[in-house]
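Note that the chains take the letters A, B and C in the order they are written out, and that residue 1 is the start of every chain.
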Amino acid sequence: MPTSDSVLSIKNLTMRFGGILALSDISFNVKKNSITAMIGPNGAGKTTVFNCCTGFYIATSGDIEFESKKGLKEIATLIGRDFIWGDFISPSKFFTKLYYKMFSGSFEINRIGIARTFQNVRLFKEMTVIENLLVAQHQKLNWNLFSGTFNTKSYQKKHEECIDQAFFWLDKLGLTKDAQALAGSLAYGKTRRLELARAMCTSPLLVCLDEPAAGLNARETEELSGIIKDLRDEFKVTVFLIEHDMRMVMDISEKIIVLDHGEVIAEGAPKDIQSNQKVIEAYLGVSDDEL
Amino acid sequence: MSKKESYKKLFKQTFLFFLVTVFIFVPLVGIKLLGWKYSLRIPNALFLIFGLTVIRFMIGVINLTPRLRGPFRKVFSQVSYLPHVAPTSISQRKKSLLFLVIALSFVLPFVIEQYWLSVMITALIYVMLSLGLNIVIGFAGLLDLGYVAFFAVGAYGVALLHHFFQIDFWLAMPIAAFLAMLVGGLLAFPVLRMHGDYLAIVTLGFGEIIRLLLNNWTEFTRGPNGVILPRPYISFFGIPFDKNSPNSFHNLLGIEYSLSHKSIFLYLCLLLIVIAVTYFCLRLKKMPLGRSWEALREDEIACRSMGINHVTIKLFAFGLGAFFGGIGGGFFAALTEFVSPSSFTFIESALVVSIVVLGGLGSIPGVIIAAVVMTLLPEVLRDIANVRVLMFGVVMVVMMIWRPRGLTRVLRPRFNKTSK
Amino acid sequence: MMWEIIQQTVNGLALGSIYGLIAIGYTMVYGIIGMINFAHGDIYMLGAYVTAISIAVISSIASMPVVLLLSLTVLIVVPITALHGYVLEKIAYKPLRHAQKLSALITAIGMSLFLQNYIQISQGARNQGIPTLISGGFTLWTDKISSLSAVMSYTQVVILVVTLVSMLTLAYVIKSTSLGRQCRSTQQDQMMSAMLGVNTDRVISVVFIIGAGLAGVGSVLVTLNYGSFDFFIGFIAGIKAFTAAVLGGIGSVTGAMLGGLLLGMSESFFSGLVNADYKDVFAFGLLIFFMVFKPTGLLGTPEVTKV
């Protein structure tokens, strides 16, 4: 099933919270340089898939493989899976797991090239817009305390590069005027765009957007669709998104995955999904023309 | 509601308030325990009861008078200052004011008396501690209530290094500061995964553990008796401030011996270090490390999704905070030339926390001013010296209710597009 | 050896039930508004002073049997500590109900400092004490060789009985009264309870009152047992009671009692068999250990981090 042109492949992913089965044995691929959307009714487990992909949850079982610049990475292994009894017999397994558990964590996921936004916008509210974007670029900066304190040439150069990069994305998303404003003082629509800019500032290969159009009006949604398409075409980024706005999903995505009750009930091109009987059943109550 | 009715309600409320104060103050203020007997101090209680009742009534009256209500609410309502972005350039007035302050602080030790000099050194030590704790609480948003532990490690480090190995202050102080940093890292490990309340209580417990160890491990720390350092302990980089030694400081310079030479020297060294640390802290805000701390305080999950290793960042915050605490401790030992566990109680931690709170979490000038004011005030107003700690408590509560973000606005750095 | 084990068990039970009584205040407040009431330990300290004062006042007015004296003392102390708990919530915590967690925490510490020094100023800094009111006890076990015996003092009997009665009353109130149901529903979901007509402000006040009242009971018992106290006892007792609450799983009332007993027992065994000087270090170490490895405690429910 894994094809060479997929950037993210989810294999038999199962997630359990206590006794609740949130995801049961789901598998799908996200094609490189595409826009893939995940839809489904509330509580279908979409955000759980995202949290597994971006390293905030460790899946109960199953693999998520990501084609990073440094080769194929398995997400749960990278964050450090929980120990099982077998590990205590095999020292090599034990120590690899221990190493990842101690020195790794969800932050590694961003470093291999997956960025995300959040359903409830999570900005650094008491920092300025530009600072928000600088935080996203910290991997590129010089962390040396001495060169930072004395503001050496090389430190300054890197810092300026990052500032320019930040302004580039602000420009792209139409936020240049708000560069020095506090992120907490922005209007809602702008916070969504800022979060997207911040995710893009980490120079990811794959960007996961959790309901990017939620709360936006029709015009803003249209603009967002344009930006997302640009991300794919201009910046060669793969976009993987959760969205409830069907018009937008149908408009921009090449592939749609439909989740219901923690299972993939359909996947395919927007046209196929529109006519899929199972999907219509899952969305019972939503009229045909909206789908 | 008519005016009459609302006054009637006010009287009822005031009466209830009166009853509550009676039950609160009569047993604990009106009666004083004397061994197994007691004595009555009813006037004290009555003073408090009636004073507070009258205040309560006045507030009620103000609230019912439209003309007074506006300005009253303006002053007493909660205001949470949001940070504001730094202006493009610092005004000339501010620059000259800063220069004046620094120049004055260098001249100060030569003009004030010995007693006030040691007060000023104490103030500088508190500035040091507050800047260190500001990193942990103000920047990283981790409430550390065991900060005194690092202060103690610094002080005891210096004292014990002299006691066991006769190591000079200028070597012992950095060692002690690094030791404090190590202890800070040690503490950080268990608390990395905690936040908020749990972190506070664990650090509190940790601070107490250190104090109890100092108290009980008599073979190593000499227990409650403390460690006595020789007087004068500090030297001018090897040249002693001794009165009788032939090649001591005053003989080499050919000036008359004075006790204050030692203190002036200590003050100036500490002042230089404090200025360096202040500059460092100001720079930190624009450096990736400092910015990551602030991002961590704002939203840890978003921080992780940006690829920031929250674990090492927290470790650094604790370590660096502890390092500055250790330096402060080292100077404390040099100032008092005696350390004992009784100097390192929870009250010290609470004092530094209240300084950081008063200065506005994260605002460096605010914290420095607060530290100096909070150490000088009890000295200037002798009457309040015995209610000092009471005052800290009140400051913490009032500040959090009235001005949760401190008395000043936090300044955010401005980053402009580079002109290319 | 046997006598020592029995002796430490008895001591541990008595100590533990007092920790449990204070821990309930922490756990209930945490359960309902999600903050640690740092000043709770100081309410207990304040209770110790009120206990000594009321014993002194009552016995100076009329001499009466010890049982009556103690009942009267409890009747005076509990309302006063409860009132302090109520006022504390009104002044310090209510204005910060929706503020940042850090603010509420700092206020709580400020309140704790304030109470300590208020007592220090009004009652003096030196140690205080009360005379031994109940002396003697049962001999539970006598070692045949060394003829050392394990004794359960009558004071310890009183402690266990009073704790048991308070716990049963509390359990009844929480389980079977309308007030208890309101408390439980507010703990689960404050917003929803408010929408269903529960006066959540009142419920929170009631929780503070119950917590402070039980701390008052605890302070009477401790004063009875140890006889001496100062303005600083609330600090150590507070951390220990909090440890008990964490051990049992914060938010759970049964857990608090269980944690209290566990802490009391382990502490008294540690100080009896290992080293009495380091018993506080041991208790704090236990706290840190639990916080790191089992933050949910014995009966707590785990929290899932929401992303």
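The definition used in the following text is that a contact is a pair of C-beta atoms (placed from the backbone, for glycine too) under 8 Å apart; a residue touches a chain by one contact, two chains touch by 3 or more.
From a predicted model like this one, the values you see are computed outputs, not experimental measurements.
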Between A-B and B-C, more contacting C-beta pairs sit at B-C
Of all chains shown, the one whose Cα mean is least distant from the combined Cα mean is B
Chain-centre distance (mean CA atoms) for chain A and chain C, in whole Å, is 48
For the pair chain A and chain B, the C-alpha centroid-to-centroid distance in angstrom is 42
Between chain B and chain C, the Cα-mean centres are separated in Å by 30
Among chain C residues, those touching two or more other chains are 305, 307
Multi-chain touching residues of chain A, meaning two or more other chains, are 56, 118
Contacts with two or more other chains occur in chain B at residues 301
In the complex, chain B touches chain A at residues 82-83, 85, 279-280, 283-284, 286-289, 291-292, 294-295, 298-299, 301-311, 410, 412-418, 420
The residues of chain B that touch chain C in their complex are 20, 23-24, 27-29, 31-33, 35-38, 44, 78, 137, 141, 143, 145, 190-191, 193-194, 196-198, 200-202, 204-206, 208-209, 212-213, 216, 301, 346-347, 350, 353-354, 357, 361, 386-387, 389-390, 392-397, 399-401, 404
Residue set of chain A touching chain B in the complex reads 54-56, 105-111, 115-116, 118, 122-128, 130-131, 134-136, 138-139, 141-143, 145, 148-149, 151, 160, 163-164, 166-167, 179-182, 184-185, 198-199, 202
Residue positions on chain C within touch of chain B in the complex are 30, 35-36, 46, 49-50, 52-54, 56-57, 60, 76, 79-80, 83-84, 87, 91-92, 95-96, 99-107, 109-124, 128-131, 235-236, 239, 242-243, 277-278, 280-281, 284-285, 287-288, 291-292, 295, 305, 307
